[in-house]
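Both complexes shown next keep chain A, but they swap its partner, so chain B is in the first and chain C is in the second.
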Partner chain A sequence: MADFLSAYSIQYWLESCPQGYLDGTEYGHAPGEKEPDPFVSDPMLRERAIQSTVQLVVGERCALAASSGLINAAPDEASKRYLATQTLDEARHVEIFTQRLYDLGVPKSDLESVIREHANPNLVKFAEVLLEKVDRKDFVAGVVGQNIVLEGMAFTVFEMMHAMNQKVNKKFAHTLSGTIADERRHVGFGENRIGSLIQQHPEKKPEIERMQRDMSYFMLATFADAFRKAPSEEERARIRAELGERGDVEWQGKSLASVDPSEIEALLADTVLKEFKLRLGRVGIEYQSPVRP
Partner chain B sequence: MSGEPERSDDAESGSGESAPRQRFVLEETGFDEVPKKYRKYYRKWKGPQDPLGPNEVLCPVCKVVIRSTRELRVGDRVYCMACFTRFSVERASDGGLEARIEY
Partner chain C sequence: MADPGTDVHAFAPDRFIEEVHSFEFWFQAVEGYLSETRYGRRPETPDVRLDDAERDRLVTVLCNYCVGETAALEGASGLVAIAPNRLTKIFLSTQVVDEGRHLEVLLHRLGDLGVASPEAEIEKRASRSLLAFKKRLLDLVAGKDWEAAIFAQNVILEALEFTVFQAHAETADPVTRDVLLGIVKDERRHIGFGENELGRRLKTSPTTRVRLGAIQRELDPLVLAACDETLAQLGTPRSERPEVGRSYLAAVERLGFA
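Up next is the complex of A and B:
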């Protein structure tokens, strides 16, 4: 049984989330906050912001499909009720990141075509690996894929993006801080629920380890693609000059403004993989290294 | 909802230390991710440069700092309400305290 969920209820979710850190917000940020000027007026910065936000929408659409799909696969009532709240969290994430695309000037009529144009094919494959398990109502594999692998990745990516935007784009940083708070519950559910389930179903380990290896491969390929398309050194120098001190941020002990995009990619990948190893190890699953794309 | 956010009171006998525990007055730090009455028991962690007090332990699952009104000791049991995880407090290799998850 999911004893760790004995203290969890829809009431708890209401008091923590809508009546807690989301109280008074509008699409996840303070009312009236706007995208700062360079993100709307500078074509290169705007394009980069649209590209990265599209990946967030794609990832959150996958999380919405997975969490809602897992409700009917869950073996106990407490997990079903928890997943109902996660489903609403994920639907909110889809909405707030979609709203950011509108705030960046994407016309509503162009939303799907912009998403199709920018969606990273490797991120789409990452989602397909997970959703195949969900479609088969494989609860154990689905929760590992969704709440440990996908949410573990999102937790780190959101923290990095939050650090990058804290000084330069307070509106987006506020939006991200609410999603990070949601991720805490999501990763907690993943580890706690799977920690006991994997002991009951040790025969599922090899299949789950294969899924994790495949998802990790497509995640690393997504990062590689994203950083390969980074602007030239000349463009980055121009942006650094435009943003000034606001663009100088530190994450994991590195100044992100002064390092090469390939170094940021390596730092992000290593941070996410280190977390995967720790989280999977704690629930008794051995991390499988994918081939580096 | 049942359950206290910090469970160190459960484990006074688990400490194995005879000196009285230090007491701490907890104030709100702006952490708003749990229901209001429990907020003072948690704070955001600012990274490795953010030292923990003797009444604090880091949740390894969601990276929130869990705070107690009393000094924490090895054997205490704590609960992270932000991610629903239960822990026992153990001695870390650097001599500090760390949380070990109880599934």
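Up next is the complex of A and C:
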């Protein structure tokens, strides 16, 4: 275990993250990059950007509470020190996504009310399931919930959003690429550290599997809500015309501009669940299918 | 004259807090003094051979620094949950990683000194006073007492570490000196946060001052005892030890607590 954890030291983190891929960035993107015009001037695109960014802030606030809360539950010093780096990663994500809300024109004085207005209730419940384990100082369940389920979901959502923004909003794509690099490290820690703990505590499996099933349900419900509120076909056609070729992006082999929102929802859900199955299997947890909302 | 566009001290209070509590500010601050180091040591710093007795005393001292830094790591991470707003949560997250780094560089130094199992060594050599302080700090955090916990952590503990590490750095071997001076630079930021956070509350609440005063009277004997034990290990003559204790008390007083 000691050897594997040396790859998660603070020294390594300093060299690879703040002094590595974040070097020369400002709020995660190149200095001077701005939100491109349609995201600020087009009311519908701006509102959609604010809605989706609020969900990122809500998810990252949950991740910050979970990773800091797990430090005192960690069974060894090296895990505590790794979680210290994750705590700061999550705080940085809260900061850069909050900054994006300001960049989209949300006044600082309205931040909390905008978050309350747009936060998806199912995402809030997803967070509550995880934070209940963290509050009980349940390290094994907490790390599975945080570093495999929450981070696994975030990783795929960020990758999809990165693909959608790569041509049309380089500033936000750059912001996302730093967070994707962070999430990759977090998921890696979860897989590597938890496998041995599950073997030591097989009695915890049923409870962890229930938690994963509940979190998966609320995640799917969040996706369903988000895509149900997608713009009408007419609005989408207008946006496609405005963005032109820049809006034509491919993700998981599908052209996202030409498919129905319900298809994107299914593609996203299937991608995340497939990842869950794979990663949970690696740590010895049997994936539990949630009821489809 | 300070440039009001870039000098944070020229900012209005709200903008000042937004700026200095951010990841971006932390990032710029540590970049200056950590980018050339590995585990807190500058590449050009020479190793100096210690004799067995010196080495043994240094191991005991470093083990106790690890107890203090573990208390600080667990305290700061617990404080994130009870912090009253986003900016204090973000600042405390930077402090969490600072405290984790301090623990890591001290453990690494123990490894350099040939300690094969630092965790077992720490358990064996830990000062009772420091362990009692750690327990009390974590009780305050677990009790979700924000003012008392931030006082114990960012004023009392940080002032103790700041004073002792600075005093130790003056006589330490070059590698230990590098490590300690890097830590002291972080402690300044942490103390500034505690002073700012509590200073505003003290101005408007006389009862807070009375309450924190009682906590200080409870913790001071533990802090001064831990300080004395460390200085004894460092070979500081008994006659000079009260001076370091007074420096700690003066540091706390300068922050407005006495």
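To be clear about the criterion, the second predicted complex is superposed on the first by the 288 of 293 C-alpha atoms of A that agree within 3 Å, B and C clash if a C-alpha of one lies under 4 Å from a C-alpha of the other, contacts with A are read in each partner's own complex, and residues count from 1 in each chain.
Simple rule for what comes next: a residue touches a chain if its C-beta (ideal position, glycine included) is under 8 Å from a C-beta of that chain, and two chains touch if they have at least 3 such contacts.
Keep in mind that this is a model prediction, so the values were computed, not measured.
Considered on the superposed chain A, chain B and chain C are sterically compatible, since they fit side by side. Centred on chain A, the angle reaching out to chain B and chain C in the chain A superposition, using CA centres, is 90 degrees in steps of 10. Of the two partner chains, both chain B and chain C are touched by A:Ser9. In the superposition on chain A, A:Gly188 contacts chain B only, with no contact to chain C. In the superposition on chain A, A:Ser196 makes contact with chain B only, not with chain C. In the superposition on chain A, no contact is made by A:Pro75 with either chain B or chain C. Within the superposed three-chain model, A:Pro206 lies out of touch with both chain B and chain C [touch as defined at top]. After overlaying the two complexes on the shared chain, residue contacts for A:Gly20 are found with chain B alone; chain C is out of touch. By the touch criterion defined above, A:Val283 reaches chain B but does not reach chain C. The gap separating chain B from chain C at its narrowest, counted between C-alpha atoms of the superposed chains, is 9 angstrom.
For the contact definition in use here, the residues of chain A common to its chain B contact set and its chain C contact set are 9, 11. On the chain B side of its complex with chain A, the touching residues are 1-3, 32-36, 48, 60-64, 79-86, 101, 103.
By the touch criterion given at the top, residues 4-9, 11-12, 15-17, 20-21, 23, 181, 183-185, 187-189, 191-192, 195-196, 199, 253, 278-279, 282-283 of chain A touch chain B in their complex. Per the touch definition, chain C reaches chain A in the complex via residues 22-24, 26-27, 30-31, 34-35, 38-39, 70, 73-74, 77-78, 80-81, 86, 89-90, 92-94, 96-97, 99-101, 103-104, 107-108, 119, 138. Against chain C, the residues of chain A that register as touching in their complex are 9-11, 14, 18-19, 22, 26-27, 64-65, 68-69, 71-72, 76-77, 80-81, 83-85, 87-88, 90-92, 94-95, 98.
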